[in-house]
Structure formats: C-alpha cells, structure tokens
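Report on one structure; see the data block that follows.
The first chain written gets the first letter, and so on, giving A, B, C, D, E, F, G and H; residue counts start at 1 in each chain.
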Amino acid sequence: MSFVDLGFARVDTDRHQRCGFPEVVFGAGKTPEEVVGIAAVLVEAHGLFLASRVTAAHYEALSAVFPEARWHERARCMSIERIPLPRRGGTVGVICAGTSDLPVAEEAVVTLEFFGNRVLRVNDVGVAGIHRLLAVRDKLEACSVLVVVAGMEGALPSAVAGLTSKPIVAVPTSVGYGASFGGLAALLGMLNSCGSGVTVVNIDNGFGAAYAAAQINRLVPEDAPLP
Amino acid sequence: MSFVDLGFARVDTDRHQRCGFPEVVFGAGKTPEEVVGIAAVLVEAHGLFLASRVTAAHYEALSAVFPEARWHERARCMSIERIPLPRRGGTVGVICAGTSDLPVAEEAVVTLEFFGNRVLRVNDVGVAGIHRLLAVRDKLEACSVLVVVAGMEGALPSAVAGLTSKPIVAVPTSVGYGASFGGLAALLGMLNSCGSGVTVVNIDNGFGAAYAAAQINRLVPEDAPLP
Amino acid sequence: MSFVDLGFARVDTDRHQRCGFPEVVFGAGKTPEEVVGIAAVLVEAHGLFLASRVTAAHYEALSAVFPEARWHERARCMSIERIPLPRRGGTVGVICAGTSDLPVAEEAVVTLEFFGNRVLRVNDVGVAGIHRLLAVRDKLEACSVLVVVAGMEGALPSAVAGLTSKPIVAVPTSVGYGASFGGLAALLGMLNSCGSGVTVVNIDNGFGAAYAAAQINRLVPEDAPLP
Amino acid sequence: MSFVDLGFARVDTDRHQRCGFPEVVFGAGKTPEEVVGIAAVLVEAHGLFLASRVTAAHYEALSAVFPEARWHERARCMSIERIPLPRRGGTVGVICAGTSDLPVAEEAVVTLEFFGNRVLRVNDVGVAGIHRLLAVRDKLEACSVLVVVAGMEGALPSAVAGLTSKPIVAVPTSVGYGASFGGLAALLGMLNSCGSGVTVVNIDNGFGAAYAAAQINRLVPEDAPLP
Amino acid sequence: MSFVDLGFARVDTDRHQRCGFPEVVFGAGKTPEEVVGIAAVLVEAHGLFLASRVTAAHYEALSAVFPEARWHERARCMSIERIPLPRRGGTVGVICAGTSDLPVAEEAVVTLEFFGNRVLRVNDVGVAGIHRLLAVRDKLEACSVLVVVAGMEGALPSAVAGLTSKPIVAVPTSVGYGASFGGLAALLGMLNSCGSGVTVVNIDNGFGAAYAAAQINRLVPEDAPLP
Amino acid sequence: MSFVDLGFARVDTDRHQRCGFPEVVFGAGKTPEEVVGIAAVLVEAHGLFLASRVTAAHYEALSAVFPEARWHERARCMSIERIPLPRRGGTVGVICAGTSDLPVAEEAVVTLEFFGNRVLRVNDVGVAGIHRLLAVRDKLEACSVLVVVAGMEGALPSAVAGLTSKPIVAVPTSVGYGASFGGLAALLGMLNSCGSGVTVVNIDNGFGAAYAAAQINRLVPEDAPLP
Amino acid sequence: MSFVDLGFARVDTDRHQRCGFPEVVFGAGKTPEEVVGIAAVLVEAHGLFLASRVTAAHYEALSAVFPEARWHERARCMSIERIPLPRRGGTVGVICAGTSDLPVAEEAVVTLEFFGNRVLRVNDVGVAGIHRLLAVRDKLEACSVLVVVAGMEGALPSAVAGLTSKPIVAVPTSVGYGASFGGLAALLGMLNSCGSGVTVVNIDNGFGAAYAAAQINRLVPEDAPLP
Amino acid sequence: MSFVDLGFARVDTDRHQRCGFPEVVFGAGKTPEEVVGIAAVLVEAHGLFLASRVTAAHYEALSAVFPEARWHERARCMSIERIPLPRRGGTVGVICAGTSDLPVAEEAVVTLEFFGNRVLRVNDVGVAGIHRLLAVRDKLEACSVLVVVAGMEGALPSAVAGLTSKPIVAVPTSVGYGASFGGLAALLGMLNSCGSGVTVVNIDNGFGAAYAAAQINRLVPEDAPLP
C-alpha cells in the first residue's frame, strides 16, 4: 500500500484503491503551502483534488499553481477535476431545514458532485411548516439516499424518516439561539430521533454526510430511476 | 400574608389568595410524617391537598389520617378534595408522543383536573407517523392551551406549533437510549424549537406544565367552545 | 396550504392563517439578499415583515427596497408594517432583572408591539433589592401574562411567580461572570424554579418569549382591565 | 394513512407501506399489558412483531398470548414471525470491538435477521490488536454495509473505514472506565472519526444501526456476492 | 508537625493546632474498621471525633468500641465528645429553602454545634413565599454568619444577600426535578448570584459550609449579641 | 426602602443601609451613558461609586462628568471616592497562584480597598513550588480572612487551608490550557477541595470574593493585629 | 501475528511478544464463562492471567477450573501466575491521597506486582496536611516512577510534581461530594496540573496507571537503587 | 529552597535542583515586561530560559534585552540557551496524526530539544491509513518513549499502543469539526484508550507531554540504541 512522504504529510495515494474515493484534504489548521503541496501529489496520482474548510488564502495559493482550480465560496471548498470521477446512477437528495443551513448543505452538494453523484436539492422545508415537506415526499422517495441538514432542534430527519423508506444521513448545524450550544442540541436531537434508521455525522460536517451518502449510492444499480 | 410554622416546614397558607392556586407539595426527600403534617395544615386551610413525587409509603401514611385521600399511582401523586376547586371553561389538551411518556402526562392530567380544568387527552402521536397528528389537528386547535409531552428528540412540540395557533407548554421526558442523557436531548430540542412560541418546563415535570396551563386557561372566558 | 418557493427558501405564506401570526424571519446566517427576497414575499402576502437577529448590513439592504422599514438597533430587529396587526386587549408585562438584560427585553417588546399587544415595561427589579419588585406587584398582577428576563442566576421568575397569579414566560440571558456559561446557569435556574408555573424559552430568545406571550394574551377578552 | 387507536397507543399500521418495515416497539417504560396490546395489532396487520428493550416480565406476558413468541435474552428483544419478511440479497457485517460489547451487537443481529438480512458476525477485533482486523479485511469488503460496535474510545470504525469502501454505521456502547461517561467518549470519538463516511447512532442503540443497515442493504441487487 | 501512621491512614493530629479544629473524617469509601481505627487516634489526641457520610454499619462498629458515640441519623454523621470544644460567642444562622433540604442542613447543624457554635435554625423559607423570609429578617441580621441551604434553582442565597449585611455561605442541594442534574442547577445559580458576597460550597456539602461558618464565627468577639 | 427609577435602571440607594455597602455596578452589557447615569445617582446618595467589568469607553464617559474618577486598568474597574468608606481593622490577604492570575487579583484588591480594608498581597505562590507558600505562612495566619486566586487546577486554596486557620474565599480563574474549559477545572477543583472550609465564588469574580471578604473582615474587632 | 478465535473473543496471544506484557482482561460486561474461556487460552499461552473489574461470580467460575487462581477483593482483580514474570529492578511508588482512594490504589499495586515490579506504598498524604508528604519526599525521589491516586480536587499530583524529578502517572478517583461528578473534578484538576510533567489516566483506572508505570520502569537498569 | 521575589512573580530558582529541569514560563496572560523580568532571573540563575504560549510582542521585548533569544513561531515558544542542558541518550519519538496537528507537535519538539533529548519525528500517520503507521513500527519500537499527538477522535495512541512496548504520552488537539468541542472528543478518546498504558495530558499541551517524556527518557542509560 503506497503513500508519498512530504515530511509534513504522508499523502495516502492508496486510498482511492482501498476505499473507493481519493483522499480529501481537511484544510483547517494547514498552511496554504502545505495544502498546495498535498494537492500536487493527489493531482499527480489521480488527476483529482478536493479540500474542505479552506479560506480565500488557500485558494489563492492553489490557483497560482493550478489555474483550473475551482472555488466553492459558500461551501468553503476548492477542487480540481482533471480526470473527473465517472457519473453514478441513482440520485442523492440533499434536504435542508432552513436557509441559514445552506453553507453546510453546499459542502455536501459540492462533495457529492465531485464524487460523481446526481443531486436533488430541496431547501427550507423545516417541520414548522410540514406541508412544505409533504409536497416533495414523492421526490424524496425516488432518491436512493437522503442527506438531511438541520440546525436548532434538528427535528427534520425524524419527520423525513416517517415519510420515506430511504436511508437518511442527518447533519446537525450550529445554527440557533443560545442553548443550541453550537449545534449540540441538533446533534442530540438527531441521535435520539424517534424516526428509525437515522444516522448522524458531526456538527456542520456536510462533507462527511456526503461521503457516506456517496458510499451508499454506489450500491445502487446504474439504472436506478430518477426522482 | 400568612403561613403556619411546623418547625420542619412553613406552610404557605396565603398562596391560594396570592397566586390563585393552593400550595402543592413536592414529596421527594420528605418523610411520610412531614407530608401528613403539611397536608393537615392545607386541608384545614383550603379543604384541598395535592402532592407530587410521592411513594406508596407516603400514601399509606396519608390515608391513615385522611381516608378520602386518593392515590394516582402512575402519576405518583396523591390528593384530597374536600372542597373541590370550581370547574373552569376552556379545555386543556395533553398530547403525548409515545406510550412510554404516559407517567409524565398522567401527572399533568391529575394536576389539571385537581385545578378544575377540562382535559382532552391525545396519546402516541409522535412525528415518526405524522398522519396520526394531522388526524387530530382540529381538536387541538379547539383547546385553549396545549401541554405537549415527549422524550427522545422532543420534536413533537415543533410539529404541533406549526399546525395550531394555541400556546404550547412542552415537557421533555427522560425516555430514550443512552445519549438522551436523562432527558437532556429532549429538553434542548424543545428549547431550540423552530416552532415559534413553544415554552418549556423541567424534564419529567408534568406538574409544572399543568400549573402553567391552568394559569393560562384561567384567562379564557367561561364559555369557550369545546374541542 | 400555500408557500412560495424562492429556491433558497420556501416562504410559508400560510402560517398567518394556520398559526395566527405571519412568519418571522431568523436573520442569523442568511445573506442580506436572502432576507430581502423573503421580505418581498411576506410584504406582498400580508403587508407585514419582521426579522430578528439582523445586522446593519441587513437593514441597509432592506431599506433600499422598502424605505419604510424600521431599524430597532438594540433589539437587533427590523420591521415593515404596511398593514399593522389589530391592537389587542390585555397587557403584557415585560420585566427585566438588570440593565444589562435590556437588549433581550427590547427584542421581546418589539415583537409584542408588532403583534398588536400593549406592553408594560418594568426594568431592573432583580432579587438583590426585592423592595423594587414589591413596589410594582399590583401592576404586574393587572397584566394578563408576564415575560421575565434575567441573566446571572435567573432567580427573578421565581420571585415574581410567588407574588402574582399570572402566567410567566421566563427568558434566560447570557449576562454574567464565567460560570454563567453563556446563560446556562440562568436557563437551569429558571427550569428548576420553585415558583410553580414558570415556563422557559431559549437563552437570549426575547422573540420566542414574546411570541408565546402574544399567543396567551390572545386568549384574553378584548376588555381586560389596564394595569 | 391508517393507524389503530388503543387509547394508550396509536399503532402505526401504515408504516410498513410507507417506510418499508413494520413498526418496532421500544419496550422501556411500557407495561407488559401495553406491549401485548400493541403486539396484537401488529401481528394482526403484518403477522410480525419485534420489541427492543424488554424484560422477562414483558416476554412472559407476550408468550402467554402468543406461544410462538421468541425471547432473545442477551439482546433484550422479543419477536413473533408468523409471516417472515422475505430474505434479502447482500450481507450485512456486524463487527464488534470487544466481548463486553456483545449485548449491543446482539440487538443489531436480531433486528437485521428479523428484517430478512444475511449477517456476518466478527467479534473482538479492537484496534489494540490490529492484526485481528487485518485478518478479516476481505470478508468485510465483501459485505454491502457494516455495523461497527465499540465502547471505550470507539476507535474501531475509523480503522475499518480506512480499510474498506463500504458504508459504516457506528454504534458507541456504554462499556468503559469512569470517563467514558456512559458511552459519551465512544460517541464523540465516532462522530469525530478521521475515517471518512462513518455515520453514528445513539449509545447502545444496536436496533437503530441495524435498521439503517437494513435500509442500505435493500438498495443492493438481489444477487450481490457472498463474503 | 505530627501525624500517626496507621498504614491505611496518616491521621493528622497536628491539624487542631494548625487549623484551629481537629480533623473530621469523610466516611464514604472507608470500611468501618478503618473509621474506628482513625477514631481511636483522634479521641486519644483530642478527646474528640466527628465523621460525616457514614452508615449504620460504621456507627455500629464505632459504638462497640466507644459506647458514648452519638448517631445523627438524618445528618449521616457520628460523633464523640469526651472533651467538648469551648462554646463560642456569636450565632450562626442555618436557613433552609425547603423541607426536602433538611438532611443537608442537619449535617451543617451537627458540625457547627460540635465546633462549639450556637445555631439559629430557620426552615422552609424559599423565595416562592418571600413573606416567610421577610418575617425573620431581623433574626438573620443578628447572626454573625449565615449558612443558606437550597436545592432546585438555588435562589434563596440571593434573596437573603439582598436583605442582610452578613457573610453568606451557600450550600446547593441535589433536590429537584430532572434538569437539576443532581444539584448542578442550584450550584450554578449560587455561583452566579446577583446578591453580592455569596460564597459557595460543594453540592450537599453541609459539613463544608459549617466548617467555613465556624471559621468566620471565630472572628467575632465573645460578647456578640444574640439574634 | 428607597430606590431611584431612571427608566433603564432602578438604582438601589437603600442597599448601603440594608447590606452595609453601597451598590456596585456590573458594567458589562451596559452602555457608557447608562453607567454614568447610575453613577450620578450613587455619587449623589453616598459620595461613592464603583463599577467592575468596564472598558476605556466607560471610563472616558465617566471622567467627562466626574473628573476625579479613577481608572484601574488591569482590574477593569473605575471608582469615585468623594466620601471614602472608613478604614477597617484587620487585614485581608489576597494570594495569587501565578502571574497570569493578576488581573483577577487586582479586581479583588481594588474592591477591598474601596470598602476600607487593609490588604496584604502575596503573588505567585502556586503549589508547584510549595516552599514559596511555606515562607509566608505566618503572614497569612495573621490576616483575618484570605482571598485565594488560582487558575489551572485551582489547588492553591487546598494547600493554604491546610496551613492556616483563617476563612478562605477561593476564586477560580480562566487561565489554562484547553481542558481548563474557561476556568471550569479550577472551579470544580476548589469546590471539591480536601481542605476544609474553602468557599468559592464564580470564575474570574475577584469582585465577589472581595465583597465576601469585606463582610467577613467587618466582624473583626478594630484592633486586630497586623500581619 | 497470532490470535485464538473463540467466537465471542479473539484472544491476542501475540501481545506479550509485541507489547512486552500479556493481554489483561477487562471483566466488566463479560459473563463468567467468557472470562474463564479467555483465561484458558492465556494460561495455555503464557502461564499467566490477570483480570480487572471482576466480581465474586467471576472468581468462583475461574477457581473451579483453576484452583490456584487468586482473588484480590478490594482491587476487584483475580490472577493466575503459573510462570510469574521476572522481577524487575527499580521501584514504583504508589501514593494515595486518602483512605477512601485505596481500592483504586490496590488495583494499581496488584497489577504492578503481577508485572514483576517492586512497589513502595504511601497512603493518605493529601495536600490538606502537606507535612505528611514532605516527610516521605526522599523515598519518593528514590523511586523510578510514581503512581499518584487522588479523588476530590485531585491536587496531590501537582504537589508531588513540585517536590520530585520523577515521572508521575496520576489517577483521578470518583471519591467526593456532589460536584466531583463521579471523578470529573479530579480528572480535570490533574489534566490542568501546574506541576509540569503530570500525565493522567481514566477515572478509577488503577490498572492503566500501573501498566504505564510498568512500561516506564522497564526502561530502568536492573541495578537502580532502592528507596 | 530558594526563589526570587519580583513582586508580580516569585521565580522558583530552586526547581532545577529539585525537579531536574529549570522552570518554564507559561506566557499566556503575562505582559511582555513580566516575561522579560522573569527571563532575566532564570538566565542569571541557569543560563537558560524557555517560554510557551507567547506572542510576537513577547518575543520582541525579550530579544531587545537578550539578542540571542530564539523565536519558534509555529510552536509559539521562545528560548535562550547560554548554557545548554547536556545531550541525553535515548530517543523520544514525536508522532502526529495529521498535518493540522503540527503546531502542537512543534511545541513538544522544541521543549524536548531544549531539555537535551534526541527527537524522532513522524508526521501524518493517522489510523485512516494504517499502512503509514505500520511502515514505521520498528523505528517507534527503537525509541524509549513516544509522544503521540492527535485531534478529531484521538485514536492514534490506541493503534500505536497495540504495536509497540514503549510508554506513550498522548496529546489531544483541538483540531476537528463541531462536536470535537475544542478537543474534548480527542481527550476522552485517549483517556478511554483500549490500548493499555496510554497516559494523557491537557488539550494542545505539547509542552506538558514533552516534559513528561523528558522525565521518562532520563531513566534510560546513556547508551540506549538509536532508532
């Protein structure tokens, strides 16, 4: 199993083979130079590069070396796709409870599309107006897996779980008044969901939810129906 | 403003006048003898007595002195009503998410009826099967105030708040798997409800919710319509 | 049941009909453009708009389109009232423990007045000088419902509950020294109040308390006496 | 959408149609009589019944009415399968870090088999002896989805995620010394996994993980290869 | 500085000289034999022995050796006073919010009297009936120091601090509904008291509060007036 | 009992009479104008004013109106002493574990001197070099009361308590590495002190500790010996 | 690398070779039969067996098969030593703050001796009587590594660290009043120690501390001096 | 035992003698002037000075007085080595899970080298690509002690502990998504490690880990083999 040792990083060039997707870089706490160094290894190995939690300074350094690099501002991601991953069958739904949760949903969408998935986006269908959710129920059921993003009390995954039969990956966000405690309330809400089968990722971790959904969607036959 | 000093307790016989309802005794941590002593003062003053969080031992001691005392087992309450409080107009809805939440809902119902309120009970309408809730929406709207009891993620108050215009007092319960942390998840869920106007009481505190609902229902004209 | 789909938001134009009050926008995490887009839908539907947790940048964008928009700086709210809601009977008391809690109390007052309620304000009556509270007891009893705002240990709702018979909606604030933990101490204090009937909203959530109080005050006959 | 109202419960007989699996009963906090009453409705509707978190007393009451009921002691479950669910293609791996985690893994296995899934069990492969995990790597990769159960620091899902390409549902358990805080350490560990794509359910919630895995395994074609 | 080494304990026979009071034994987690062994050293050294958090088994073992030992059941303490400490001037007030807090108040009273202090006891004067507290204000002001015991939201010290000029040692108790979290709510409430000068000891630690009050009362001249 | 109603504040001009010290203003969250308004009332009533947790902006506004106002920068306090409080007998020790804790110790010293107390300062005597503490033991014993300030694990009060007989008011500070959690570690350490008689105030609350110490020192006869 | 697969356990018979010590069994949550099954494998492989956190029922089952098994009651351990590990040079000090911490210290001592280490025990030298610690300072300095066990505020490791130059492994215990929160206070205290070089293990984890100390002591030359 | 009293600090010039290493200054919360003042004493006493958690402002002040001072930017340390400590035998491994953890690892390396240790650095060998760790196993086993730095779930120490026989000092970092809660997840993970013998220091406390490792490495004979 291979890796490239840069001193400050051992880039796992074997991961694509082993896990099905190339390594994605977590940018927070890394210098722009370090991120560019890692990018060079990954582009060389796979023709592909994705980093989450990066800033404009990271992007500036990257695009100086790789002019084709793309900046996904609201998602705080940047990507290079010289050899895009093949398009997959099936559709991944990304549902979001409120407009304030959009940056996290964006991180999920950017990741899913980078991994070759078709995405259905449904925004602002929180449980305070349940008719908005009921109106899209058939579309959700036609997806193969659903990423559900919500802050505050994080109740949306429970409601979705009660209306469809598809796997749900829930993402708590840090949106809310004081006692949301930076997303803890939504996290606990989702972990305690009365809707069976809801699984949960870290607070604001749109990337992680997308990765799990991409793994699940890969199980679906190529000719799964469209929503 | 009066009180009766028993040494171990200063019974607040003025509270009925000041706050509109007689003092209710919190039984936990008090000996049976102490509870009976306080009961004697309150029955003498108002012809009324209610205690929450009591055990069979408390009831045994009370009924030895006051044979008319009633034991509300599942609600862990006991009461004496020599001079019942007058029946009020309006209806208080007590809605409960799951069968496991019934003991807390019972505490609320016993308290509400002791305070003279008509109660509408709706059990087991959690958000995992939202059609069960939609089926009773008109009945809920016809109440003057709603007590909503739920454990796990505590999402029911949000859903109810999105379907009616009535004040909602939410009660988190300690029902749930490990990370409910004794009801903390439901408590935080309700405090962060995206459904506007939800107010919250302590975990498993059916009594407190009922007290608040009784205060609210007292504002309603006597001839409020039935649900 | 209707809504307007803006892509980034599904504005719940049915809520006024269903819940009795139009949707109020939570501004945090939304761009100025998004807030203005939502405002346009709500003003069109109801002639009314209120947003909480907004910044000067949000207001600037709104007033460029709606010159009649008002900026409530200390409350961090902005509003448009082309067709004001009808004035209600009854009075809502907004009581605040200390001067440092004023921004949260302001959010409650702005919301209550937007919803058509008469408000009685009583500031700085914390329990460290209980005579200040005793001096206004009769005025509080003449209200139909009380919003009580306090930081630090959050003891004021307990004291008020012991002096009046009216429903109390308690708002913990994040004011305090280190171990207030951003309002957690006040929140727990209020949830554990020995004063029966106190219900609680999220930390610093003046809006939520006002919404609940407005729902309660709507139960009062139009000719309720003035405090 | 149908349900059966028993007063103390509204049994959701529509869920099988809507969500793909019949309702499973959470036994904790329900009396034996209540559980049997619900069982009667579900057996009538689907010929199927499963309850988690039950005691010997629950089983005794159930088997008195339904002699064919089975008692899964270590998993704390009981079941009735008059009309078993059809056997599914694909295999679900249930991997467990230590022998002390077995009761939770058992709950997952019972649930998965009830839902018609073939299960591969791998016990006691914690990261302190990583060679035990490497020895089964190919078997894990041949599954369609993996349930990974671990207490203490909950590191096993991270290690598994680095070795396979399959979706992982992680279950933290309450096994450990003092600062595991009833499974909180394992829960946080799994939520923060550096292994991409790990999703998490509640502490000790073998049922929830199994339900999610069954939803995912349903996406797999019937002729998926055996591990 | 002296001590006696018993192997399982090094009894600090110098503490009386150094700190003004003899060592008091914390009984929890010690076997009856260990406690008796320590008692023998302390009785030999000072003619005095006090242990807190002991059970009937501890007392049985002690009284078999020291028949004059006293058992303070509700306070969970036992004591031997062959050579009682001298009686002090000044009076220590022990005020308690509710009858359920009595065991903790008892621990404080037993300790204070063992240390030679005159004690004024005032029970059940919680803030929900503030007139009960106002009625004893002059008596409290005549004490030299006040121990204030309260559970639930722990608001009593704040109210007392606003009515008197004397030092207040506050003791939170574990009495309360779910979100008291074993006394955490009262503890945080007291630490955040808006009543200046309130100092706090550990949850249910009546002994610690009494020790501090005894140190403070020792500063008072012998002829301080009686309350 | 008197107060002055400024609308935004009810200044408690009776507190000096009732509690022995004039009201001290908590500046955080108050505008400079509000603080100056309150100052005007207190200076008029008592010739005295002290505010904690203020910024340069507060001081600028105050000194524009009261040129004699003093700015205590490191303590974040400001004061006016037209009619200083009388000098008291006895000495209050202010002991601080490390140089990083100095701002909190300063707040205590400023408050104590404002209230008329003689102060003995001992800095940087943490338990990692216990000989530094042993060197000042006699000076500490000669004080009437000790304020002990420490961050990190907050062990200093335990060590001091084992070496002297005087009351100790412990102040945890927010100084420390990550798992000090903003002073929580020191706070819990002090609350759990094995040194009997340690009482505790809020994190970084030098003012509160000083107030309590001033109340205690007031019990001491005027001719108490000097340290 | 070898292991033995028992189905419910994969016993890591390679660990002795890899890590220097044979696997030690964590008994909690395992049935007596499972523990005995694992013991058989380990005795066969190494002639050695140690289990922590076991009950009398575990011991009964073990001694029925292995009559030479020893029961360490207070330490909650059991062991078999057919081929004892070689005796090591150097001495490990096990220092304990109070008598109530003895069970945890015992677990450390049993483990250390099983691993072939000479142990120096020093009990009951908490910081409240620092002279007891100063009296043994030279003995501690003569050890190669120190295990320091303390509950409550956990201050003892800081004091020891300031007096010696040897590595310290600190063990927090769950001994204490309410706000010790099951040992959390001591844990945080030790993690925040101002005494440089203190490292910490889990609450009540005497075994883990002993294991670390045994690893460290193995670095010492065989002829290290005696304390 | 000596110290130098600067008023704001009592510099412990005896510590080198007592504990084997000179005092290291914790810079956070100290002014540049204070740090320089302390440096002057320590350089005078030992010809050595090291400070952690300092800013550029601290360094500027120091280098103005001591031009030979070195600035370790990423480690946030500064040092003066007029009389360097003697070079030690043995090697300390510093292993780090991800590139984002480098600043904490740097603090450890700077400290270890200042104390005279040879350091082996291994970066970016997190458990998500376990082959990177297996590739360096022999090098790690050749060290005398290992400092293992990891954020997120903190699983690396468990994996290392299962592969080597050397003492491990684990350092949790604050790197991670929301529910890392500033490093709490990694801290709890390490404290609950299933890998026996892992000991833990405070979050981000590279200095503390290095200090402990230096104490351990000092036990090793001078001629220990190189890795």
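The rule we apply is simple: a contact is a pair of C-beta atoms (placed from the backbone, for glycine too) under 8 Å apart; a residue touches a chain by one contact, two chains touch by 3 or more.
Fair warning: this is a prediction, and the values are worked out from it, not measured in the lab.
Asks: Enumerate, in label order, the chains that touch chain B and chain G alike.
Replies: Both-contact set = D, E.
Asks: Taking each chain's centre as the mean of its C-alpha atoms, give the chain farthest from chain H.
Replies: Farthest by centroid: B.
Asks: Could you tell me which chain lies farthest from chain F when each chain's centre is the average position of its Cα atoms?
Replies: Max centre-to-centre separation from chain F belongs to D.
Asks: Averaging over Cα atoms per chain, report the distance between chain C and chain F in Å.
Replies: One centre to the other, that is 36 Å.
Asks: How many angstrom lie between the centres of chain E and chain H, each centre taken as the mean Cα position?
Replies: The computed centroid separation for chain E versus chain H comes out at 44 Å.
Asks: Suppose each chain is reduced to the average of its Cα coordinates; what separation in Å results between chain C and chain G?
Replies: 57
Asks: Considering chain D alone, which of its residues make contact with at least two other chains?
Replies: Answer for chain D, listing residues that touch two or more other chains: 15, 98, 128-129, 161-163, 176-177, 179-180, 184, 187, 191-192, 196, 202, 208.
Asks: Which chains are in touch, pair by pair?
Replies: Pairs satisfying the touch definition: A-B, A-C, A-D, A-H, B-C, B-D, B-E, C-E, C-F, D-G, D-H, E-F, E-G, F-G, F-H, G-H.
Asks: Would you pull the chain F residues touching chain E in the complex into a rising list?
Replies: On the chain F side, the touching residues are 15, 18-21, 24, 144-145, 161-169, 187, 191-192, 196-202, 207-209, 211-212, 214-216, 218-221.
Asks: Within the complex, which stretch of chain E touches chain G?
Replies: Of all residues in chain E, those touching chain G are 1, 3, 7-10, 12, 14-15, 26, 28-30, 34, 38, 172, 174, 182-184, 187, 202-205, 208.
Asks: Which part of chain A faces chain B closely enough to touch in the complex?
Replies: It is residues 97-98, 126-130, 152-155, 158-159, 161-163, 176-177, 179-181, 184-186, 188-196 of chain A that touch chain B.
Asks: With touch defined as at the start, can you tell me which chain D residues reach chain G in the complex?
Replies: 98-103, 123-125, 128-129, 131-132, 135, 175-180
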